[in-house]
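Heads up, the next two complexes both have subunit A, just with different partners, subunit B and then subunit C.
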Partner chain A sequence: MHIKSDVAISDSGFVFVPATGESFTVNPIGAAIIHMLKENKSVEEVSKQIFENYKTDMATVEKDMNDFVAMLKQYSLIDTND
Partner chain B sequence: MTKQILTIAVTGLNAIDSPGPGVPVIRGLKEAKAFNARIIGLSYESLEPGIYMHELVDKTYQIPYPSSGVEVLFERLKYIHNQEKLDVIIPNFDAEMFSFIKLASELKSMGVHTFLPTAEQFEERQKMNLPDFGKKYDITVPASEAVFTAGKLAEVLKEFEFPVVVKGKFYDAKIVYNYEQALSAFNDMAAKWGVPVILQEFVRGTEFDVTGLGDGKGNTVAAVLMRKQYITDKGKAWGGIAITDEKLLKLTKHFIKETKWGGGFELEFMKDKEGEFYLMEINPRIPAWVYLAVGVGQNIPEALTLLALGEKVKPYTSYESGKMFIRYSWDMIVELKEFEMISTTGEL
Partner chain C sequence: MEKQRYERPLIKKLESSMPNKFGTRTEYVPMTHIDDVAVKDLIDKYESPLFVISEKTIRGNIRKARKAFENRYPKVQFAWSYKTNYLDAVCRTFHQEGSWAEVVSGFEFDKALNNKVDGSKIIFNGPDKTEEDIRKAIQHNALIHIDHLDELYSIQELATKAKKKARVAIRVNMDTGIYPMWDRFGFNYENGQAWDALNKIMRSEVMILEGLHTHIGTFMLSPNAYAVAAGKLADLAISIRDKYQHEVKYIDMGGGFASKNNLKGAYMPGADMNPTIDEFAEAITSTLINSNFKPDKLPLLILETGRALIDDAAHLLGTVISNKRLSDGRRTTIIDIGVNILFTSFWYDHKITPAQPFTQYTEDTVVYGPLCMNIDVIRDNVNLPLLNKGDHVVIQSVGAYNMTQWMQFITLRPRIVMIDTERKVHVIREKENLNQLLEFEHIPDHLKDFNL
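Here is the complex of A and B:
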């Protein structure tokens, strides 16, 4: 599962989709997740990294990751060819 | 080397909530790299704001409404040409395009150049001909039907499922949900724009627009894609963003190649949730949001002028996506004397 290659994200968490002109704002953790997914890391790898970098438990990370990925799919930011 | 000065007449100087393309076209011409533009405004009414924008428009002449006929318009243009020695005319209203297309060769023999679609191209892209157009050029279009009398409305509506889009011959569109609303919209559109009124299948989705320029031989000289971000209650873009979409660009190039379109245009597409693009409308002229195209690197008014003069133009192949336009209104203070002048003499 990958973020569409043309989706651009700035350091401030501003996401821009050149094909539709849509833009979104994500918080720093959301931005970190999108950056990692753009680097072709798997959801599991991203979850592990978040778990290691933030004071939280794995169950919470996995639940939040599922929610976040569902949102990325809903807004068509995920490459459907995967 | 000093740039040549071209005298270019431009219509569409109005700027109501459905603004004309004249002022943005002029802004593009003023930023042209190949020439310096001296602008002659052609107006229909005394309150068109462009008339009073002296930093953009050097002189304005009123011209007769299209309903006055081609001959009356030609006489007026001859007079204006005698005064100003026009090099090029860029008409910007759907309703006047027919007259200018008809006059193109006579104008050319006087030394006034235009770059317009042919009468055939103009005719076959009319709203009422859209289904045949789609079939002929293999472009997906929504089902639509022309209705000439209110008595036929109920019968034609049977072919559609509500909601249905009721469209005026030249402008305006209304989404209706039942027969009563359809009848009211039909009467409104017929009174305003005449018949036929067009019934069109409602396509749920996101609207995308393209402005571009075809060289008349099937080649794309310019094409910029835009998504409306802020829409007025007339459905006009008050803000928009330049986007890149390979599929939509390919469709646009297909349109130009197949129709051998000559001149500026605007294509209105609807993208449904399956990602299919429906061509909803073809406007045979530059749209009011053309300054976005200029701003992202494709000066369509400049390229159109050069093509009108028979010069070779290097096609634009890229532009900066992600740039936006945000429209605003601005109250000008105008001396009564100026209003008096254009109202009484037809010149300012």
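Here is the complex of A and C:
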């Protein structure tokens, strides 16, 4: 699973898609996830990283990651060739 | 390295100038404490959900309301509307502040007596007074506000039998320019019903006409409607004085003043738009003072204000059960507060505030209760900070009607605590348990056993 290569994300969490002109905001944890996915890390690797960095449990991370990835798909930010 | 505080990841599409039903963000600071008592401590000790009533706010509200009227009018009496919230601790707080009792059933009448309110300071309203209720009211010298002619004839008969005079008033309904007109209660002013009833009372030897009563509606947003109503009651009182040389002792303007809650469908927040108690006081008192009452014969002004005095004195604490997403992508949050204990969520867009710190990120959210029923919606659309499972929320301004109209449905009713003016927490109603409910039930013998 990869974030589309033309999706740009700023350090402050502003996401811009040049192809469509759409823009999004993400919170810091959302930005961290997108950055990691852009680095070609798998969802499992990202989840593990989040669990290690934040005060939470793995079940919560998995549930929220599923939801977040579904939203990325809904907004067509995921490369469909995956 | 210490782990950071977790917040669920959020992505939000930016849609400038696209209006939606969720509106803009309303929550900027968490509500971690109520009257300096930590919400977390309250939930840890008394469980979730939990109603929390602030004695300090109740006393502040009634004192402010009294001041608003007493600064403008010489004789003012408040009567606590039992149906709005008849928890004994709440009623007694109002009674300590000088309020009489206003009741609308035999059960509420007994509750007022049980609260040691003298019968002569109980106002008995409502369309359903049984013969037993009327006998009791006459016996205790209560003020009976007659709703219809059948009741008037019953009082006539029962007072005659009891050889005791009944202290009565009539409830008058009228056109005050607002819609809907509440003409189902009492006698109509415009078509002469009220005058007809007054003539009957004045000719009776067993009824004493003590006052005139009206209650023009609920959650009224127009102080001017009260001015119209006060003018019409003043006209009736002066007509009685002129015809019978009888001075009515009081004019009871009922209740119905809006609280600061947000009515569903309203564009602006209730806290900014709804009239203040001073505006209602000004409308009523200036009309009475400018009427044809002689200055030394002004009647006592009775107010039965309920909602405006208790709504913001109570909070409902709850806990997030789960976050989900609907098929159309909308975020939903399920909390442990259902419409069975928050009846007013059908009328209001209640303010929901997280009880723990949050970031500036928000999400358009539908807030559901825990009931397995489709109607269990606490907020159809609200822009909320990101909540995690187990987080606590505070629903504000829930003091009116919820603790009387709540029902045991699917879940049992929770505890209610009151924080006193010294910040001490008292349980004023215990949570329900299964055995209490089973006490009402009987199982026929042939249904006692079965094999599955």
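We adopt the following convention: the second predicted complex is superposed on the first by the 82 of 82 C-alpha atoms of A that agree within 3 Å, B and C clash if a C-alpha of one lies under 4 Å from a C-alpha of the other, contacts with A are read in each partner's own complex, and residues count from 1 in each chain.
As a convention for this text, a residue touches a chain if its C-beta (ideal position, glycine included) is under 8 Å from a C-beta of that chain, and two chains touch if they have at least 3 such contacts.
In this text, all values refer to a predicted model and were calculated from it rather than measured experimentally.
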Given the alignment on subunit A, is it a clash or a fit between subunit B and subunit C? fit
Applying the document's definition of touch, where does A:Thr60 land relative to subunit B and subunit C: first, second, both, or neither? second
Of subunit B and subunit C, which one touches more residues of subunit A? C
Of the partners subunit B and subunit C, which touch A:Met1 in the superposed model: first, second, both, neither? neither
After superposition on A, vertex subunit A (C-alpha centre) with arms to subunit B and subunit C, in degrees to the nearest 10, comes to 90
For A:Gly21, decide between first (touching subunit B), second (touching subunit C), both and neither. first
Now for A:Met71: first (subunit B), second (subunit C), both, or neither, which partner does it touch? second
Contacts of A:Gly30 with subunit B and subunit C, given as first, second, both or neither: second
In the superposed model, how near does subunit B get to subunit C, counting Cα atoms only, in Å? 7
Which residues form the common part of the subunit A surface touched by subunit B and by subunit C? 22
Quick check on the complex: what are the subunit B residues that touch subunit A? 206, 226-227, 229, 240-245, 321-322
Spell out the residues on subunit A that touch subunit C in their complex, using ranges where they run on. 15, 22-30, 33, 52-56, 60, 64-65, 67-68, 70-72, 74-75
Which of the residues in subunit A come into contact with subunit B in the complex? 6, 8, 16, 18-22
Can you tell me which positions in subunit C touch subunit A when the two form their complex? 3-14, 323, 325, 329, 359, 361, 386, 388-389
